[in-house]
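Dumping the structure here so I can ask a few things about it.
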Amino acid sequence: MFQVRFHGRGGQGVVTASEVLSVAAFLENRHAQAFPSFGSERKGAPVVAFCRIDDKEIRLREPIMEPDALIVQDPTLFKAIDVCQGLKRTGYLLVNSNRPLHELHLDKIVKELPAGHVLTVPATDFAMKYIGRPLPNAALLGAFAALTGVVQLKSVVAAIHDAFPAEKIALANIAAATAAYDAVNAQAAA
Amino acid sequence: MLKQIEGSRAMAEAIGLCRPEVICAYPITPQTHIVEGLGEMVKSGELKGCEFINVESEFAALSVAIGASAAGARAYTATASQGLLYMAEAVYNASGLGLPIVMTVGNRAIGAPINIWNDHSDAMSMADAGWMQLFAETNQEAADLHIQAFKLAEELSMPIMVCVDGFILTHAVERVDIPSQEAVDAYLPSYDPVQVLDPTDPISIGAMVGPDAFTEVRFLQHYKQNLALRLIGDLAGEFKAQFGRDSGGLLRTYRADDAELLVVAMGSVNGTIKDVIDEMRADGIRIGLVTLVSFRPFPIEQLRKVLVGRKNVVVVEKSLAVGMGGQLALHVGLALRNVAGAPQVHSCVAGLGGRPITRPSLHKLFRRALVQPWEGTHFLDLNEEIIAKELHHVRKVRRSGPTAENILRRLSGSEPAHLPAAE
Amino acid sequence: MDDTTATAATQKLRFYQKGTFTVGNRLVSESDRSVQASIDRSNALTCGHRACQGCGEALGARYALDTALRATGGNIIAVNATGCLEVFTTPYPETSWQIPWIHSLFGNAAAVATGVAAAMRAKGKPQVRAIAQGGDGGTTDIGFGCLSGMFERNDDVLYICYDNEAYMNTGVQRSSATPPAARTATTPAEGPEPGNVFGTGKSLPRIAVAHGIPYVATATVADLHDLERKVVKAMSIHGARYLHIHVPCPLGWGSVSQDTIRLARLAVECGLFPVYEAEHGFVTGSRKIRRQVPVEDYLKPQRRFAHLFASDEGRGRLKRLQAIADRNIDEYNLLEREGDA
Amino acid sequence: MEHPFGISLDVGTSLNNLTGSWRTEKPVYVDRLPPCNNACPAGENIQAWLFHAESGDYEKAWRSLTENNPLPAIMGRVCYHPCEGACNRAQIDEAVGINSVERFLGDTAIAKGWAFAGPQSETGKRVLVVGAGPSGLSAAYHLRRMGHTVEIHEAGPFAGGMMRFGIPKYRLPRDILDAEVKRILDMGVTLTLNAKVDNIVDSMKAGKFDAAFLAVGAHIGKRAFIPAGAASKVLDAVSLLRSMEGEDKPLLGRRVVVYGGGNTAIDAARTARRLGATEAIIVYRRTRDRMPAHDFEVEEALQEGIMMKWLSTIKRVDEGVLTVEKMKLDEKGFPQPTGEFETLEADSLVLALGQDVDLSLLDGVPGLEIKDGVVKVAPNMMTGYAGVFAGGDMVPSERTVTVAVGHGKKAARHIDAWLHGDTYQAPEKHELASIDKMNEWYYADAPKTVRPMLETARRIDTFEEIQGGLDETNALYEARRCLSCGNCFECDNCYGVCPDNAVIKLGPGDRFKFNYDYCKGCGVCAQECPCGAIKMVPEEI
């Protein structure tokens, strides 16, 4: 079972991101379970969402306490809460930022995780470029696919397509996701 | 058709397939997404021949359903928590009048302190109101139970609550198989009421009944619930034949055959417990599970059959009868009443107000049941330190302030304001 | 009116001068007679009910429902709030109703009726009409929320309030429709402020009007023709409608049983109970006072007001009640003025 | 269908619960005596004929009326209608115009030529009626309907008696009188005019009559002794009024004084005015409020310019001048002479001091008792001589046409009984329907219709009838003002207002009955009955 925890702030589409990821996995005939950190959502407040992916039925209903991957939509959260709590030693950390890791003071965690498991991606820049609004979640999912290979890009693209009934917005998000996916692969190749 | 879908939406679609004729909606978290989904289906014309009414309170919601049902329409509504309490009077009335209304309860705690998260206090408060109560373990079962619920209610002319854990199920996106309209139509006949308000054949419904007949009326209600004990199983069987899925029934067991320790629980927590059981079985511990689906009627016989001969029974429940303990545990005890060599029953109250029930806690709990079984009610993951401080504080200071707020402050590290820190 | 005599006479020829205000009239064509005069009226509420002698509510209910039955060709379903009417008509194993009727709760008659109307729409039987009915307690107090919701959604329900100005079924306790100074079990005629308080009052009809619903009317068992006309009109309209009928209660008012209709008449003639109609939020007309009387004439025969006549302070309160009547009289223009038709 | 136990019930099942057992008092339907009927000297069933009139069935109304009184057109003009004085409606707005509706019916009957039905069968009995005045005509009419053979012997040249010789044309046109007399004769009553009966016993023997009814009236004017000089012109009112029927009208001169205070005095004065007198003065020894004459007649006379001289007696008559003594009333209200005198210019003096009866036809008849110039009769109207009955002005009573007509009816019934060898028993009278037993709320406001009057300018020089009749609408309107005091008129109130549906409607004409199985005795029906036709009586326990 692969468990992903999303961190962001209300209004950034954190919950949507977890759901889209679960749909992507579903489209690959796998079981997936997405759920938010429940509560009355308020814009700007720290929000957590979860996604479990497995090849068999998922029965577990507890929150994800030891994630295999963390997707952080807002780096300022590192100052507010212990984002990395419970992250597995073999886990992945994907951060939305156009700054290098050391500027984010994440050196400690980088050391603890396997090489190449920690990555920043300028998801908001991609979002502004393709969508015109600071909604980094699609781009992050593209990047996640590239970083972990847990789901394929085409599944993510299809899931995004389902998630946005308006074709134009869907395509814009798909573009952002694809761009992020390519960017990560390029980085890895470098 | 398989869908990766939010639980609430899945339930809405299943309810829509049952062709309800009157739906009453009043918002309360966490049930809201269900009626939102239905409202959308009615407005879009996807759900035809259905009146969707936005009412001014839960009391009105169930009252409108009562009128609709008495006039021969298939009626549905949903609520939770305070909402269920607010409609309490109508809850008893609907069952007293024998109206087959189906109501989803998105299980949630009851205030004060106000709390929007999941537990079973709301359903428990209305357990004796004369309704059937079925608890769903998964969103698949939640969807399926609604389809069975309409058939159950209408065959017995008795209302029914489908209880689903708030947020944990209602807001979870997962795989659900939504049946086809044809299949549902084949399973669920159209509503044929045993009594109906009809100008061509008038009757008076809801007469005042005195001591001369009231006991009989109540007995007949009780008798009908006993009939439900058989029917619930039968309809689950028919359902499996039609849809090929195990959903509903009175109760289910998991790895129970040779178990010395049986866990009894209701709702979504059963999933987590199953994982824990697998892990413990891997360690060679003979533990199993009884998943109770039907809390009303309460399957005393069936439960006894399963429990008799075991050493220990741990009841994990998301409700507390303040001043008594765990209600489910009390009921389980009832199943073992006057049974020679009955197993020890250990009550555990867990997950109140949405507190996560985690595998580590359950491991500890079940192992403790084996090594040092307890009497009375155990509270899972109770923060003893905070309790001690608050009790001390209350003893010291007459005007000790609101307990809930004090505890929140302590959790955040700061002591209750305007007061010297305890010790 | 009987057109055979509608000739240009030196005086205005009433169709039948001793039948103008009576229930029936041998000289008027069957169609022009009141429903209650008809030899084959339906008696929606039939004999054998357990209402007190001279019960105004029993009378009002039969008047209203018989008329509604006639107006809809027998297509009504009645919903009853808890209260006297419910209790005295349906003690198991007997019911006095001859129409489809349901009693659910004290405070939800309007909502249950909304459900009935919705069911009829869903079943494609919109010709079957829902009528909710209750006393002043079930309407102005505990049932107020559901009533307001039904109004605001403009559901196709006629709500009839039988106003006897207190909770009679439970032993005459004060309701928000109880008039100032009236003695009830919870507002005894003792102390410096005997009887009910002189509050601001709570005019349910006006609140209904404020909802802007298609039709609101007040009526009284003392004017059958007016009452029947209003029920017929109400049933000719779809959407939320409200009818408020004043029904004296010999038990609760401490009056003699034969005075039921007489008291209802005096309530109108003194101005304390204005009879008027409103449509879509506007008052459209009122029934004029025929023979104006001082409030004393209405209050004197009721023991619940006896204390008003026992002291000077009481007479002072009488003046305040007269002032209320006078205000009604000009607010609703209750006096026939020259030039009025 | 089988209902859920206790929850649902079959409609109308409360009929098993007989709430009549709660009752301590029960309502009963009654008929009470309407004040109008009670007050009518002719014993008319006024409410009954108004009932038909108000539904526009005038012939039925007329037939109902003439059950008791064969002269409606005359009554509608000359009756002083005590019925209206008693009418309950007078206490709400104004009395019902019963008299004007009666006249409308009478006139309509004449116009349409409605006739009386003859007797079912003949009895073969012969009855002699002496005098063709209102009393005689009434008796003849009723006796004829009972199947007896009736002959009227009238001393005068015309039928009608005082109706013709006492009442001026302007109050009773003669064609009306003739028409209603003729209708009676058409039933087979024989009338012989100018046939004065000198001795009743002889006449009965001669004519083989089994019984006789005497109604010769009172038409001899009283003469008071007033010293009179030569050439002074003095005559009495009766002769004056009678002479109006003949060819040559009496010459009274320009100034006429009438002496007396009764209706005849007024008639005489008004007649004199019409004969050309520029001044007609009534001299009366008391005051207006003590005048026997009806107030409306005095009023009409004043309108016509008749002058009144109260508290005066005439002491002496000379040519062209009268001597008058002033009077004053003592504490008992009797006029006493003052000794003050004055003179009054007058070309003629008409005495209207009352009338006497000509009793010559009774000379030598045994067993009769005569007192104050009138014949005493038993309660059954029979004189002291078996088989001879008497009525009208010749017996002690108020002297009005209506009373006379009543006597005729009453006598007829007793004569009929006597002829059959038994006695007539009048039926028990119902309790009076007084206003306190009514609920006036239910009656619409409807002020009385006023009958058109001939304007005074034309009255004083013609003998045209001064009071007009009602047209149909007015008559209908007036009839419908009747409150139907004391008798159910099927307004459906009791049927409608019963909270327990305990009144059964029996259909048009059949009224209602109480369903005592369910009536709780609340009394609302009695309280709301407009006409007081329901009475609450205690249950015997």
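Of note:
In this document, chain identifiers A, B, C and D correspond to the written order of the chains, with residue numbering beginning at 1 in each.
Note that in this section contacts are C-beta pairs under 8 Å (C-beta built on N, C-alpha and C of every residue); 3 or more make two chains touch, one makes a residue touch a chain.
Keep in mind it's a predicted model, so treat the numbers as computed, not measured.
Two chain pairs, B-D and A-B, are compared here, and A-B has more C-beta pairs in contact (counted per touch definition above). With centres computed from CA atoms alone, C is the chain lying nearest the middle of all the protein shown.
Work out the mean CA point of subunit A and of subunit C, and you get 67 Å between them.
Chain centres here are Cα averages; for subunit B and subunit D they lie 94 Å apart.
Per-chain CA centroids place subunit A at a distance of 116 Å from subunit D. Rounded to whole angstrom, the centroid-to-centroid distance between subunit A and subunit B, based on C-alpha atoms, equals 34 Å.
Residue positions of subunit C touching 2 or more other chains, listed in rising order: 89-90, 92-93, 95, 97-99. Shared interface positions of subunit B, defined as residues touching 2 or more other chains, are 97, 202-207, 209, 213. Subunit D has residues 6, 9-11 in contact with two or more other chains. Those chain pairs judged to touch are A-B, B-C, B-D, C-D.
Of all the residues in subunit B, the ones that touch subunit D in their complex are 96-98, 157, 194-195, 201-207, 209, 213-214, 216-217, 220. Those residues of subunit B whose C-beta lies close enough to touch subunit C in the complex are 21-22, 24, 49-51, 53-57, 59-60, 63-73, 75, 89-90, 93, 97, 197-199, 202-210, 212-213.
Note for the complex: subunit C touches subunit B at residues 74-77, 79-80, 86-87, 89-93, 95, 97-105, 107-108, 111-123, 128, 130, 145-146, 148-149, 152-153. Partner subunit D is touched in their complex by these residues of subunit C: 4-5, 7-11, 13-14, 16-27, 33-34, 36-37, 39, 43, 45-51, 53-56, 58-59, 62, 89-90, 92-99, 224, 250, 256-262, 265, 291. Contact residues of subunit B toward subunit A in the complex are 4, 6, 29-30, 116-118, 138, 167-168, 171-175, 268-272, 274-275, 354, 356-359.
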